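First chain written, first letter: the chains are A, B and C, and each begins at residue 1.
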Amino acid sequence: MKKELKFKVNGQPYDIFVKPKTLLSEVLRDELGLTGTKRGCNSSSCGACTVMLNGMSVKSCSVLAIQANGAEVVTVEGLAKGNKLSPLQRAFLDHGSYQCGFCTPGMLMSSTALLTENPKPTKEEIREGIDGNICRCTGYNSIIRAVTAVVKGEYKEAK
Amino acid sequence: MKIEGTFTMKAPIQKVWDFLMAPGTLASCIPGAEKMEAVDDTTWEGIVKQRVGPIGVKINFTQTLSEVQPPKHLKAVGRGAAMGGAGTFTQETIVDLKEIAGGEVEVAYSSNVSMVGRLATFGERIMRAKVNKVGTEFTQNLQKKLESQVGG
Amino acid sequence: MIHDFEYFAPKTLKEALALLDKYQDDCKVICGGQSLLVLMRQGLVAPPYMIDIKGISELSYIKDEKDGLKIGAITTHRAIEKSAVIKKKYPLLAKMETRLASIQTRNWGTIGGNVCHGDPAGDPAAVFIALGATFTMTGSKGKRSMPAEDFSLDYFETALEPGELLTEISVPPVPPKTGSAYYKFNVIESDLATASVAATVTLGAGDVCKDIRLALGASAPIPLRPKKAEAILKGKKITDALLKQAGEAAVKEAEPISDIYASEEYRRELIKVLVPRMTREAMDKAKKA
């Protein structure tokens, strides 16, 4: 029997009915068409499905959608303000912090969550901040450089 | 994981052999075995149920005798698929009998149980120790059965 | 493929217990789901009824009281990791949490869920044993409590009876001249322990070991308290020679297995080295306390 799921995603309210067994990643991608959140492993290992749930980063493949009832979710699609990319997104572009791009949404979400909680992390804290996200291509250093650049204030929030 | 060992029994070697070869002896030693039925002289089929924490498995199991060299050596090979396709189990058991002094028989056994499939990949943490335990329990059951039914 | 299930989200403990009594073995409790969903996604666990206790706010708390620290069972790992009072008075708990999985898992997963899943490689269980914690479980018939080391019965099996929920974990106040240490050996940063050791040492007059609690993770079917190893050290002035003996005794008490992460021999070697090392670290902290 389907249950009502009333929640906000990227500021937009949704009121839908889902089977309780549906995962948050499935609702975001298959119901709402927000395919920025990736299904990397479906085994809670890779972090490519990371989103923010009530301001906390979570692996959306490991959360039942129904548990997001009444919550506010932010996905990678919600980082930019209209056409204006977030400082982290611009830093990622400038530093080449992606190759295949599959881990990138998760990396952006984990980095965003890190900087929201701790605007001036040390390099060690940046590494810890992304340790729940696996990257196959970059070797992580370009990602860390991008986050460091934002921490240093090289990228300002777009108006 | 392989479990190997030996034990001695006071009984004529032929008696021990006949008991081992009797329909269902080996199959009934499988922990969690239910409804084992003989298909022919060397093959049995049945259901094996096991549980570890939140995971329960029901396996359709078949055991076949291969390498039969009376009255000294036998090998039994078992294979089972967990219902629902969660994994496949294989079991290999070898029993060697040797007559030793004083009317005693030395029974040497080795048992190897392994698992592949989703249970092995995702349930490894949970099932691995249980799979090892099953191997050990099988050999313990075998020894108990032989001692109580045949020897001294 | 997760199988379909009927879903309930009780808002109070009373409601949850009534549901557990009603559905008994047919239901499974979910909270953060960080361990359970891994199994359910693979179809290895498929209960027809799920009781989601994440919304029972009365079970989420961290209270620093005169008789010790009280943690509600559905408190998230992240809340424990970031708690000011825990960082100050029970820092080993906060440290343990920083080594547990990754931030995303800690944000949603709960301390009670972790302990009830019953993985002997879990970080909290060993640390709670070393800290002398008590677990309280509640059923419709009432509450009962037991020491942390009695809670685990076997691989993924705990002392929780059907109809019961773990509701609180309490840690006694730290006695003077006490230090604790925890080390988790793993291959990948956010993995479960290949082997882990937790130690608490209380020193008495003349720096004699007045009390010692050791716990081994991922070394047996349950998080193990190696009592023979403890007996070698308790009541004595701890020397390197005694620590070596204790390490060897702990190895004999442990029952590690071989799996894809490490062989049995490798795990035994880890225990042999980590028990003396963590005991010494705890003792050094106790001296400064």
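By our rule, a contact is a pair of C-beta atoms (placed from the backbone, for glycine too) under 8 Å apart; a residue touches a chain by one contact, two chains touch by 3 or more.
Note that this is a predicted model, so its numbers are computed, not measured.
Steps from subunit B to subunit C, minimised over paths through touching chains, total 1. Among the chains, the centre nearest to the mean of all shown protein C-alpha atoms is found for C.
Here the spacing of subunit B and subunit C, counted between their Cα centres, is 36 Å.
Here the spacing of subunit A and subunit C, counted between their Cα centres, is 30 Å. Separating the centre of subunit A from that of subunit B, both taken as means of CA atoms, is a distance of 51 Å. Multi-chain contact residues, meaning those touching two or more other chains, occur in subunit A at positions 43. Each of the following residues of subunit B touches two or more other chains: 122. Multi-chain contact residues of subunit C (touching two or more other chains): 38.
On the side of subunit C, the complex with subunit A involves touching residues 2-7, 9, 30, 33-34, 37-38, 41, 50, 52, 54, 78, 98, 101-105, 107-108, 189-190.
Only residues 1, 52-55, 84, 86, 118-119, 121-126, 128-130, 132 of subunit B touch subunit C when the two sit together in their complex.
Listing the residues of subunit A that touch subunit C in their complex gives 1, 3, 19-21, 23, 42-44, 47, 50, 53, 56-59, 61-64, 66-67, 69, 110, 113, 128-129, 131-133.
Residues 28, 36, 38-39, 42-45, 117-119, 121, 155-157, 192, 221, 257-260 of subunit C are the ones touching subunit B in the complex.
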